[in-house]
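Pasting in a structure now, in structure tokens, and then I'll have a few things to ask.
A, B and C label the chains in the order they appear, each numbered from 1.
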Amino acid sequence: MSDAVRIRVAPTRARLAWPVSARLVALSILVLLSLVAAVRIGAVSMSLHTLFAAVAGRGDPAMVTIVRELRLPRAFQAALVGAALAVSGATFQALLRNPLAEPYILGVSSGAAAGAVFTVVTGLAVRMVWSLPIAAFAGAVLSMLLVFRIAFSVGRALDTRVLLLAGVVVSAFLVALIWLALAFADTDSVRSAIFWMMGSNANASWRSVSILVSCLVPAFVILLGLARPLNLLAIGESTAAYLGTSVERTKLVAFGTATLLTAAAVAMSGTIGFVGLVVPHAVRILWGSDNRSLLPCSALAGAAFLVAADTLARSIAGTNELPIGIVTALVGVPCFVWLLRRPTGAIA
Amino acid sequence: MFQRSVIARRVTSALGTCVCLASIACGADEARRPASSASAVEVRDDAGIDVRLDRPAQRIISLIPSATETLIALGATQQIVGRTRYDVAPEVAKIPSVGGGIDPSVEAIVGLRPDLVIAWANDKRQAIREKLVSLHVPVFVLRTEDTTDIFRGIANIGRLSGRDSAARATAAWMRASLDSIRASVAALPRRKMMYVEFPDPPMTAGPHTFIGQLVSLAGGNSVFSDNTSLWPTVSMEEIVRRDPDLLVVPVGEYTQNTLERFRQMSGWRDLRAVKHGNVVTVPADLVSRPSPSIVESARVLRDAIHPEAAR
Amino acid sequence: MTAPMWSLREVSFRHHGARVRAVDNVTLDIPAGRTTALLGPNGAGKSTLLELLLGTLRAERGVVSFRGRALDAWARRDIALQIGVVPQGETEPLFTVREIVAMGRYPHLGPWRRESASDEAAIAGAMDRCDVAQFADRWVSTLSGGERQRVRLARALAQEPAVLVLDEPTTYLDIRHEMTTFELLRALRHEGATVLLVTHNINLAARYSDELVLMHHGRVAARGGPEAVLTASRIESVYEWPVSIVAHESGAPQIVPRDGAWR
């Protein structure tokens, strides 16, 4: 090979060239800061001294309750839900090779909402408080199974185009059912159902936090183990096969794990949008698509983002709480647009 | 009333002291008496839960505006420490707000150290109630649909706040006033009418709501009195078929030209009542409150339905 | 005579819902250590045959053997250790060139193991060989089509495979890049690699391949050395266009399409 002229191109690193460990440390610090802010800020103002005492369990019992039973579990739940949605979003974007993919794309949010609305409208949610999250989780899982069933019935394998279409169709159907139920329900049920669908971390408790941890940790480990195969799948399914990935098995495990993770998050917090779409993209724009770094970084970034959004949602209007989905959209969009405008290549 | 309970308490404590002294003197085991039970309060709320307070609530947070009103009417304003942003009564303007009624800030509630929270039965998720109960804040669920609920609510709020006698007096006054309003139109023919809670889609008050009951008491005969739902949404066709004589429309403070509006709305403009101009407005603010102010609401409704009976 | 790399015996395949077989009763050996080119008009079945050889499609009838064993019996990962594929095109997410080339080590590393010194050496060597080392930290999507092709080639080389399979590797490349690629294939062939190539460029295939397999309607119309396969009458009947044959300076026959009557 004797080329007369070699075009010397300076390696234009259009991104922060940090090693993975530096990224993780920086993001972890961000998460920590947001958690501290979440505990510090709230409807009831208290001095730093009171705050520290309350964390340790000393001092005014009302303040202790507020800090230990309200602010701390809520902050942790927001972090876990944010991490879950971001990781799930990153996984779906790799699997579907589509930049618009996000955790709710296979009908998960509609399924969860259908389950939740069912318990609200039938009054079940009043009689047994845990019936709502359980129904939301079940609804999410069932809609995923339905989407898979449809996709399998078309071809032998999980064709991503068919999956996307099936997701859209199942979603539309479930949303129609939801509106049908709400059209005939009484005003109070409608209001309660809509509140749930707007998403909220207000019901966080140490129990819900522990449930989320027990879902997130194994799911994250599984997905991290699939990080390299997901990289290959992101390039193309045949390429992944040529490089030795068992494509169908990887897809099944990845889809299933990501969906279950999303279902758990939605069951606890309602359908909070935007996080699963934007956070992985933002991390990708900074540091690329390699899932071995993208997954943990998305988890941390998602956690910090949602904790910050949650804190903003409950503190910006005094004692009035804004629905968190609105905050994630209003805050997330400008940030994302700023990131998009940095000089880099394609987005997907 | 107040005297009697004070005397009762003093007598009980005196007795208790005697027994204690006696048992010490006799070297017997210390008498096990229940804590001064005259002041403990146990009331069953509208969700069927027995709410027990060691003594009448002194730090009440009311998430229901009508309950706030009731507390004020019973003279318990000083016992209110928190309200919602929808409580606009001047008496509670200075009291901190905890946010909405269905979605209040739990943190704000806990920060006010309440010994009782009055919450909506209408909340179909009951998440707030669960959260507060898990934090050991007593929650009393109040149903506010019909007049029975209202009277029971007044009695219960009275007991919870230690204002039993005021509650009984209020209830008695309310019944007397309502009876007199009923009597004032008893001789008149009942007027075929429809209470238009909302025009599009048309919504009316069912017979099992307090408004429906007040309308009936005020001499009105709702054309939808056969509908068992609380707030039925009805079709325009049904309204035309049942042909009410009069429309009673709750409106906001600043709303004007209601008749004009109805004359322009399709379906409504063809009704006999609208054509003849038989559309009467009532203040929405007033009639939607399931509190002691239902007496005033009943009066207003009576004047709207039977203007000839107004004095 | 060394054993063939691939053996096909009476292999047929029909696509889902198609009336006609894409590959029809093909019996063929692909020799080891040589460069073989798969030729044929559009729809002749070249890509399908390639997928059957790579195991991404399963033959309806007949047996495909790779290195003496039925392809069905091979684990995906073992196939990947043997065969490096350079596909025609693929999605371009935000990966750097180095990350793409490093993916070639996946069959060796699996999901968890970190890259060792020998892996790094393979990656660096492959990038040098394909002249993409200077792009190592750039996003792949910022490169030109030709450069991306070289990156994919580097990835396949990083696999250190025994066999290199290329699917239309030079369709969008200009003369220089096209020639560079074929020169590289020749160099690899001299090092003992087996090369299988699907291409539309009959003339370059004739110059750089040892064997040509000409496909037509799912069957093998001819196979053998370039002189044997590339006769005017055969090309005309398969491609349905009049051609002349001229000789290249290296001796390989070259096809020159003639002007045809407009029909």
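Heads up, the rule we're going with is that contacts are C-beta pairs under 8 Å (C-beta built on N, C-alpha and C of every residue); 3 or more make two chains touch, one makes a residue touch a chain.
Only a predicted model underlies this, so the values are computations on that prediction, with no experimental measurement involved.
Trainee: What's the chain with its C-alpha centre farthest out from chain B?
Mentor: Comparing chain centres, C lies farthest from chain B.
Trainee: By C-alpha centroids, what is the most central chain here?
Mentor: The most central chain here turns out to be A.
Trainee: When the centre of a chain is set as the mean of its C-alpha atoms, what distance in Å lies between chain A and chain B?
Mentor: 42
Trainee: For chain A versus chain C, what separation do you get between their C-alpha means, in angstrom?
Mentor: 42
Trainee: Find the geometric centre of each of chain B and chain C from their Cα atoms only, then give the gap between the two centres in Å, rounded to an integer.
Mentor: 82
Trainee: Can you tell me which residues of chain C touch two or more of the remaining chains?
Mentor: In chain C, nothing touches at least two other chains.
Trainee: Spell out, as numbers or ranges, the residues of chain A touching 2 or more other chains.
Mentor: none
Trainee: Help me check something: in the complex, which residues belonging to chain C touch chain A?
Mentor: 16, 54-56, 76-81, 83-85, 87, 90-96, 99-100, 103-104, 106-107, 109-112, 131, 134-139, 141-142, 159, 176, 180, 183-184
Trainee: Okay, in this complex, where on chain B does chain A touch?
Mentor: Residue list for chain B touching chain A: 47, 85, 96-100, 102-108, 110-111, 113, 122-127, 130-131, 134-135, 229-231.
Trainee: Which residues of chain A touch chain B once you look at their complex with the stated criterion?
Mentor: Residues 42-44, 62-63, 65-66, 69-71, 120-121, 123, 125-126, 129, 132, 186-189, 191-193, 195-196, 200, 202-203, 205, 314, 318-321 of chain A touch chain B in their complex.
Trainee: Please name which positions on chain A make contact with chain C in the complex.
Mentor: These residues of chain A touch chain C: 1, 3, 6, 8-9, 11-14, 17, 94, 97, 155, 225-229, 231-232, 234-236, 238-239, 241-246, 284-285, 288-290, 344-348.
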